[in-house]
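Both complexes below contain chain A, partnered by chain B and then by chain C.
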Partner chain A sequence: MIRVLFFSLLLFESLFGYSYDDLLLRAQSAIYPKIVVLDKKVSSKLVDDKILFTVVYCKEDHESALFVKQYIQNKYKDGVGKYPISVDLVEFSQLSKETGASALYVLYGSKNDIKKAAEIARQKRVISFSYNLENLKYGLLFAAVIEKTTTLYLNKEYKNIKSIELADFLLQSVKFIDKSAF
Partner chain B sequence: MKNKYGLLLLSLFFTCISLQAEDISSSLFSDMKQFDTVAAQTKQNEHYQPYIISVFETKELEKLGVSNLKEALMLVPGVDMATDNFNVQTPIFRGSNPSAYGQSKLLVDGVVVNDLFFDAYTQYLFMPIEMIKRIEVIRGPGSQVEGINAYAGSINVVTYAENFKGFASNDKAVLKYGSYDYKMGGFVKSFHIQNLKAHIDMYYQKDDKKIASGPDGLSQGSLGTDNVGLSRSGEVPLWFEEYGLGLSMEYKGLSFKGRIQQHKQGSAYGINLALPQERDRIKLPSYYAQLGYAKKLHDLHIDIKAGIKYDAFDSKAKLGPDNLNLRGIIFLNGAYGEHYAKQRTLYQSTYLQYNGFEKHHITLGYILRQEKTIAMTSKLSDLATGNVALVDYTDTLPFFDKDAGRNIYTFWVEDEYDVNEKISLLYGVNYERTSYKDAGLEPRVSLVYRRDFKNIFKAIYSNSHRNPSWQEMFTKNNNARVGTTSLQPERVTSYELAYIRNFSNSVYLQSNVFYLRNSDQIYNSATDPLYKNTAKTDIYGVEFEYKGHISSKDVLYANYTYLNGGYKLEGNNTNYNLPNVAHHLFKGYYIYDFDSAVSLGSTLKYVGSKKRMSMDPRSDLKAYMTLDTALNYKNSRYGYTLNASVKNIFNADVRYPSPQNTYIDDFKQEGRTFLVTFKKSF
Partner chain C sequence: MSKEKFQSLSFKIMISIIITFFIIMTGIFLSLKKINKEAFYNIELQKAQLIVKTIEPLIAINIYLGLEGKLHSLLDQVMQNKDILGVKITQNGNTLYEVDFDKKDEILFVLKKDILQPGSQKKMATIELQYANHNYMQLLNNYNKLLIAMLVVLGIIFVMLSLYIERMLKPLREVTRLLQDFSPQKKLDIKPMGQKNEISLILSALGEMQEKVFEFANQQKNLNEFLEEQVNEKTQELRRQLYIDDLTKLPNRKKLFDDIQNSKDDGALLILNIDDFKEINDFYGQSAGDYILIEFAKKLNHLIEEEKNISLSRLSGDEFALLFKSKPSYRTFMRVVNDLTRKIEKTVFEYDQSEIFIRVTFGGTMESNEMLEKADIALKLAKEQKKYFLMYDEKLDIKGAYRENMEWVKKLKSAIKEDRIVPFFQPIFDTHTSKAVSYECLIRLIDTDGSVVSPFKFLNIALKSKIYPQLTRIMIEKSCQYFQNRDTTFSINLSINDIIDKEMVLFIQKSINKYGVSKKMVFEILETEGIDNYEEVSSFIMSMKQIGCKTSIDDFGSGYSNYEHILKLDVDYIKIDGSLIKNIDKDENVQIIVETIVSFAKKLNLMTVAEFVYNQTVFEKVKSLNIDRMQGFYLAEPEREIQED
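Take a look at the complex of A and B:
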C-alpha cells in the first residue's frame, strides 16, 4: 500500500500542467505593486518617473497576463503612493536586460525561463515577484500565497542583495524561505 | 541657519517617506485581509479548514455539461445517490444509512433547506447549475455554518448572490433543451445601488420523463397477498416541473434572503408501491424568508438571524389498481387518495464571535426552532364501500398527525486556537434539547498541522446526530410507513485523518481515512412499516481526491473512495454486511481547452456493486460505469456560450437499490441522454 502511495505521489508530481487561480492572481496583482513602493531604493528604479511593472509570461498565458495588466491599471489609476504606475507585458522569449522594468512579475514558465527572469531581475537590481511559490527556488524573490491567510514568502537570498532595501515592518511580516524548503 | 533649514527639510522628507510607507503598509495589510476574507468565504483556502471539504466551481462543471445540483453532487468523493418509491432522491455520504433522509444537510446561501416532512431536499437537487456559483461539500459531521451540525455531510450551495467588492459576476440568461423533452429557461441578475446590493435568480424547468419499470410492489405483497395478481409493469412517471425564485438583498448590516421553490413531480413508484397513473403527482414546495443583521464592534462580531420556512407534502394519485381488494372490500375502479401536510418552521439564531485574543477566535451562539404542521388533509376512496369517490378521512383516519410539532433549542461554543504558525486547533461543543428525545452534548475537536505549504495534516474527532424526520415520527394509518415519537435521534461518532499534498498552486492530492460509529439507525421495511431505532453501523474507508493538469490547457480531476463496514441489529450480535452501499466509487473528469473558445470535457463515474440487507434474497445490485462528454463553445465577442453534451454514452444500466419486497428489479434510472445549453452573459 505504501509503495502504491509513493508511486502515485511520484506520478502526480510528474504531471506538469498548471492553471491560474483567479483569486490568487487578483491578490498578487493588488499586493505586489505596493511592495515595490516599500523598497527604500525604489526612486532609483523608476522608468520615465514611473513604476514600470513588467509582467513576464509564456505566449499561451497571454490572457492571464492581460488580466493582471487590466487589474493593476484599474486598481492603481492614481498610482501607488506618490508614484504613477504603468504595466508592460513581455513574453519570456522577449525578456532581456534591456527590457524596461522597475519590478518583474513572473507568471508560469519553464525552469530555464524562470531562471532567466530571476537573473535579469538581479542584473537590473529590481524586485522579482513570482506567481508560483515554487519558483523562488530558481532565484525569484517574492511570492504571495493564499494559505489559511495570505502569506508573503521572501527568498532568503534577499539578505545578500544590497540593491533592494525593504521596509522593516514588511520584513517582519514575511516568511523567509530557502531553496532547501522545496 | 541654512543647515538648520536643510536639516528640517531632510527630517520632513523622511517623515513624509515614513508616513507614506505607513499608509502603504496599512493599505497592503488591508488588501491582504480582504483577500483573506474572500478566500475563507469562498473556501479558496479549503485545505487549511478544519474539515474534509471539496469545493466545485460551477464554471468548470458547466463545461462538462453538468446540468443541475444532483449531477454535480455525483462527482463528490464518497457520495452516491439513493431514491425511494416517491422518487425522493437523496445523496448518501460514505454509505451512511441509505434508507434515511436528512443525514446530510443542504444549505442555500447559508440557509438550511431540508424539508420537515422527509428531512430531504429532493426539490433542490434539480436546481440548474447556472443558478449556482459554487458548491462546497463537507464530508463527515459539522458544517461551515455556525450551529448547524450535519450528520454525514453538508452541502452549501452558493448562488451568485455572493458578491465581494471587485469580484462581481455577470448577469446571464439560460435556455436548455434535452432528452425527455426537458426544457429550462432562467436568468440571474444582480443590482448594486450605493449601499444596497440585490440579487435575483429565477427559472422554470420541466421534463416528461417516464422509465419502464416493474413489476411493481404488489408482486411482493405490498398490498397483501390478495392483490399479488394485480401487479403490473409499465412506465413509471418520473417527470417533474418546477420553478424557483430566489431573492436576496443587503443594505449595510441588514440582509434578506428568500426563495420560492415550487416543485411538482410524478408519483414515481407509487405511495403504496402500486404503479401510478401517468399524471399522478406529488408537490414538494419549499419557501423561506430570512432576515439578518450583522455588526462588527471592534473585535466582536454579532450576527442575528430570524426566519420562516414552509414546506409541504401534497400527493394526488391512484393508490391501488382496479379490482383492489382491501380487507374484503373490492375497489372496482381502483383506490385514489389525496394527502396533504403543510409544515412551518420559525427560527431565530444569534452568534457572537470574539477575535480580541491574539490566538483565540471564540464563537458562541444559539438557534431556537419551532416546527409545526399547520394544515393536513387526508382523502381516500371510500374504504367502507370501495366506491372510487374521495371521502374526507382527515379526522377519522388521518395519514398524518395534524398536531405534529417540535421545538428544538441548540447552543454551541467553540474556540479556534492558533497554537503556533503551524498548528491550529478547533474545539467546541453543541448542546441540543428538543420536545422529544434529546441529542444532548456533542463535543468535537479538530487539529490542522501545516508542516509547510506542501504538506498539511488534519485529525478530526466529532459527534453529531440526526433528529427523526416528520414522516418517521408522525405518519399513521399507512401500509408503507408508520411513525412514532419515541424514536431516539440517530447518532454518529466520527474519527478522520487527512493528508493534503499541494504539488503547486493548482495541483493537489487530498487523502483521508475515516471511521464512523453510527448508533440508533432508523429503519422500517415493507413487512414492518413502523420506524424503529434498530441498527448500529460501523463504517470505515479511505478517500483520495486529485486535481491537476497534464498540460497548461487542461484540468484533470479524479477521486476514489473505498468504504466498508457492517451493521448489527438491536438485540442481535451478528455482524452483517453493509447493505445498499457501493464499496468502490470512482469519479473523474477531464477538460481540454483547445483555445479560449472551444473545450471538450468528459466525465467518468463508477459505482461498485451493492449488497442487500441480510434477509433480502436478491443478488447484489450490479456495478455500473457511465461516461459523459460535452463540447463547449464560448463566444467572447457576443458573450454567449453553447454547450452540447451526451450523458451515459454507452447506455449503462443504472439502478438505485429498492428495499426488499418492493420493486424487485430496483429503481431503474435513465440511460443515454443529451442536453443542449445556451447561455448569454450580460
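Take a look at the complex of A and C:
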C-alpha cells in the first residue's frame, strides 16, 4: 500500500512537475546572479560580453524556469554590477558542454540530470546553483536555503575547483557543506 | 634655616636638581600622557576599525545578497563584543539594523564607515559603530599608575642624588666653617679626605696654604716687632726733636705750649728777650749769635737751677720763657725778675777774644689764662717803653687795642675786596676869586651800613698792616678816572714810602698816562713824616714835573718844618698845616709862623694853601695874610661828587 502510494506520487510528479517554493525561488533568483559576479574570474566566463545565466530544468518545470527568467530579467534589467545579464532556459535533456552559460541554476531534476548539470558546470568552469540543498551532494556548488534566515551553502568540493575564485568575504558568509552531511 | 644655608652651594645644587627634576618630569609626564593617550585612543580606534573592517565585507555581502536575517545574526554576534556598545546600519536612509547605547559617557567614539558593494566601489550602506571607552580608560589608568610609580622612583633617585651631592659637599662646608675662625696665628684642623677627588685636592691645597700662611705670619710678626721697636725709637727721637730746641737743647716753644695747656689755669709766665741781639749777630756774626744763645741758655738754666717751680724754654731766636708751674707770689715773681736782670747784666760772654755784655727785657704775667699772649704783650710794651720789665695789666687795654686793630684790618680788607674805598673831593678855593680851583682827593671808607668812615680811624692801621699801598693805588686809580674828563686840577696825598716804592711810582705813571691827567694832577707829599730820602723824592718830583704834574708839601709847619725841603724839592705849593691855621685867629705866634711861611713862599713864587678853615674868623684871617688858596669845612666839606657850575 505504501509502495502504491509512493509510486503514485512519483507518477504525479512526473506528470505535473516538482513543486517550488515561490519565496525561495524569488530569493535564489535574487541572490544567485549576484554571486556570479563575485567570481573573480567572471570576466572570462561572459558570453557575448554578458553574464548568461542559464536555468536548467525538467520539461515539466518550464513554468517555474520561466518565472525565474522573468524575475531575474525584471530585477536585473540594468545588469548585475557592471555586467549586463541575460537568462537562458535549458532542459536537462538539452544541456550539453556546448550550452552557453556563465552560470547554471539547476532546478529539481533526477539524480542523473543533476549530476550531468554539475559535471557540465565543472567542465565549463562556471558556478552551479541549486534550487535544492540536497543536490549539492551531486556536485552542484551553491544552494540558498531559507531557514531562520536565508543561508548560503557552498559545496566543499569548491576547494578543488581552480577555475572559480570566489571573493573572500563571500566565503566567510557561506556555510560549507560536505557530501557526508546528507 | 639660616640665610647662609640658602646661599650654600649644596643647597643651590639640590634646588637646581629638584627644579630640573620637576621640569623634566612634568614635561615627560605631560608628553607621555599626551602621546600615550593618543596611542591608546588609536589602539582602540584601530581595534574598532579592525572590527568594522572584518565585519564590513560580511555585512556588505549580506546586504548585497539581501540576506537580512543573516545580517542581523551577524550584527547580533558583533554586539556580543562588550567593547561595542551600539551598531547602526543605514541604507538609502532606511535603518537596516540598530542597537543604540544610551550611556553616552561610556562611548569612546563612533566609527562610521561606508559599506561598499562587493566587487565594486559603489556605496551600499553605512555602518556606525559606537565603541566603548572601557579598554581605553583601563589602559589610561594602568598607564597613569605606571607613570606615577615611575615618577616616584625617579623622585626617590633624585632625592638620593641630592643627598649624595649634599654629602659630597659636606667637607667643603666643614672647611668653610673652620675657615671662618681662621687667623694666621691659629692652625686649623683640616682633616684630609679618604677619597681622591677635587674636594680632597682643595682640602690638601688649603692645608698647604695654611702652613705657608702660618710661616709667613710668624715672619711677619717678627718683622712687625722689629719695626715696632724701630718706630718706638724713632718716635722717641722725633718727640725729643719736637720738644727740644736744637741749638740750646732747651725745651722749645711747642713744649712750652703743651706745658701751658697742661697747667690747668695755674702758674705764671715770664718772657725775656735779649736786647739788640740783632746787632750782636750783625757785628760778631751768626756763629757768635748762636754761641751767645747757647751760653745764655746755659746761664739761665744755671740761674734758675734752684727754682723748682720754674721751667725754662726757648721761644724763638733771642726769646726765652720761664714758666712758673704754680702761681708764685708777686714778691717771688719780682724777685726772680730782679735777680735774673742783675745777674745777666753782670754776665760776660767771651767770644773770639771779645767780651760781650747783654741786657734783657722782661714781660710777665701772673694771670694763668692766655699767659703767653699776655706776657708777649707786656714784653713788647716794655721794649717800646724802654723798661727792663713790665707786668701785664688789664688796665693797659693792650689787648683791646690789638683786637680793635685786627678788626680794622679785617674791615679794610673787606672794604678793598668789596670796592668800598672811595675818594671824596674837597674843593680848594682861590682866596681872591672865592672860586674852587682845585680839589683834594681824600680817602674814605664806606662802611657796610653805608656810613662814611674818616681816614684817621684806619690810616695808621693801614700803614702798620701794609695795606696802605693798596689804598694809595685805589685812590690814584679812582681819582684819575674821576677827573679824566673834568677841567680842573686835583691833588692826591702821597707818603714818602709811596714815593720810594718803585712799583707804586710805576703804577702812578701808568695811571696818569691811562687817564691823561698829567696836567691836572698835584701830589701832596706829607712833610710831617720827615723826608730823609731826598734823592728819591726829588727824582720823583722831577719826573712828575716833566710830564706836567705839580707837587705840594703837605702839612707844612707841623713837625720837621724844614725850608730846605722846599728849596731842594722844587715843589709848586706849600700847604700850611691845619694845626696852625685852626689857631691862627687866636694865637699870635701862629700868625707869625704863618706869615713867615707865606713870605718865604712868595719869595720863591710858590703858591700857599691854607687848610682847616673852619669858621668865618679863620677865613678872614687867611684872606688877610694873603694866602693864595684855602680849604676847610667852613668853605666846603669833602663830597662824593664835586659841584660843577
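Quick notes on this one:
Here is the rule we use: the second predicted complex is superposed on the first by the 164 of 182 C-alpha atoms of A that agree within 3 Å, B and C clash if a C-alpha of one lies under 4 Å from a C-alpha of the other, contacts with A are read in each partner's own complex, and residues count from 1 in each chain.
The rule is simple: a residue touches a chain if its C-beta (ideal position, glycine included) is under 8 Å from a C-beta of that chain, and two chains touch if they have at least 3 such contacts.
Since the structure is predicted, the reported quantities are computational estimates derived from the model, not experimental observations.
Aligning the two structures on chain A places chain B and chain C in a clash. When both complexes are overlaid on chain A, the residue A:Ile35 reaches chain B and chain C alike.
Contacts of A:Ser19 after superposition: chain B is touched, whereas chain C is not reached. In the overlay built on the shared chain, the residue A:Ile161 is in contact with neither chain B nor chain C.
Between chain B and chain C, B touches the greater number of residues of chain A.
Once the two complexes are laid over each other on the shared chain, residue contacts for A:Leu170 go to chain B and to chain C alike. Once the two complexes are laid over each other on the shared chain, residue contacts for A:Leu89 go to neither chain B nor chain C.
Judged by the touch definition given at the top, the superposed model places A:Leu66 against neither chain B nor chain C. By the document's definition of touching, neither partner reaches A:Val47: not chain B, not chain C. Contacts of A:Val145 after superposition: chain B is touched, whereas chain C is not reached. When the two complexes are superposed via chain A, 76-84 is the only one of 4-12, 76-84, 184-192 or 382-390 in chain C with C-alpha atoms clashing against chain B. Across the superposed pair, chain B and chain C both touch chain A at residues 27, 30-31, 34-35, 37-38, 81-82, 148-150, 167, 169-170, 173.
Put simply, chain A touches chain B in their complex at residues 5, 8-9, 12-13, 15-21, 23-24, 26-27, 30-31, 34-35, 37-38, 58, 60-61, 63, 80-82, 108, 131-134, 145-150, 167, 169-170, 173, 181. Partner chain C is touched in their complex by these residues of chain A: 27, 30-31, 34-35, 37-38, 81-82, 148-152, 167-170, 172-173.
The part of chain C that touches chain A in the complex is made up of residues 57-58, 60-62, 64-70, 72-73, 117-120.
In the complex of the two chains, the chain B residues touching chain A come out as 20-21, 23-25, 27-29, 31-32, 35-36, 38-39, 42, 44-45, 48, 166-167, 424, 448, 450, 452-453, 501, 503-507, 509, 511, 546, 548-556, 596.
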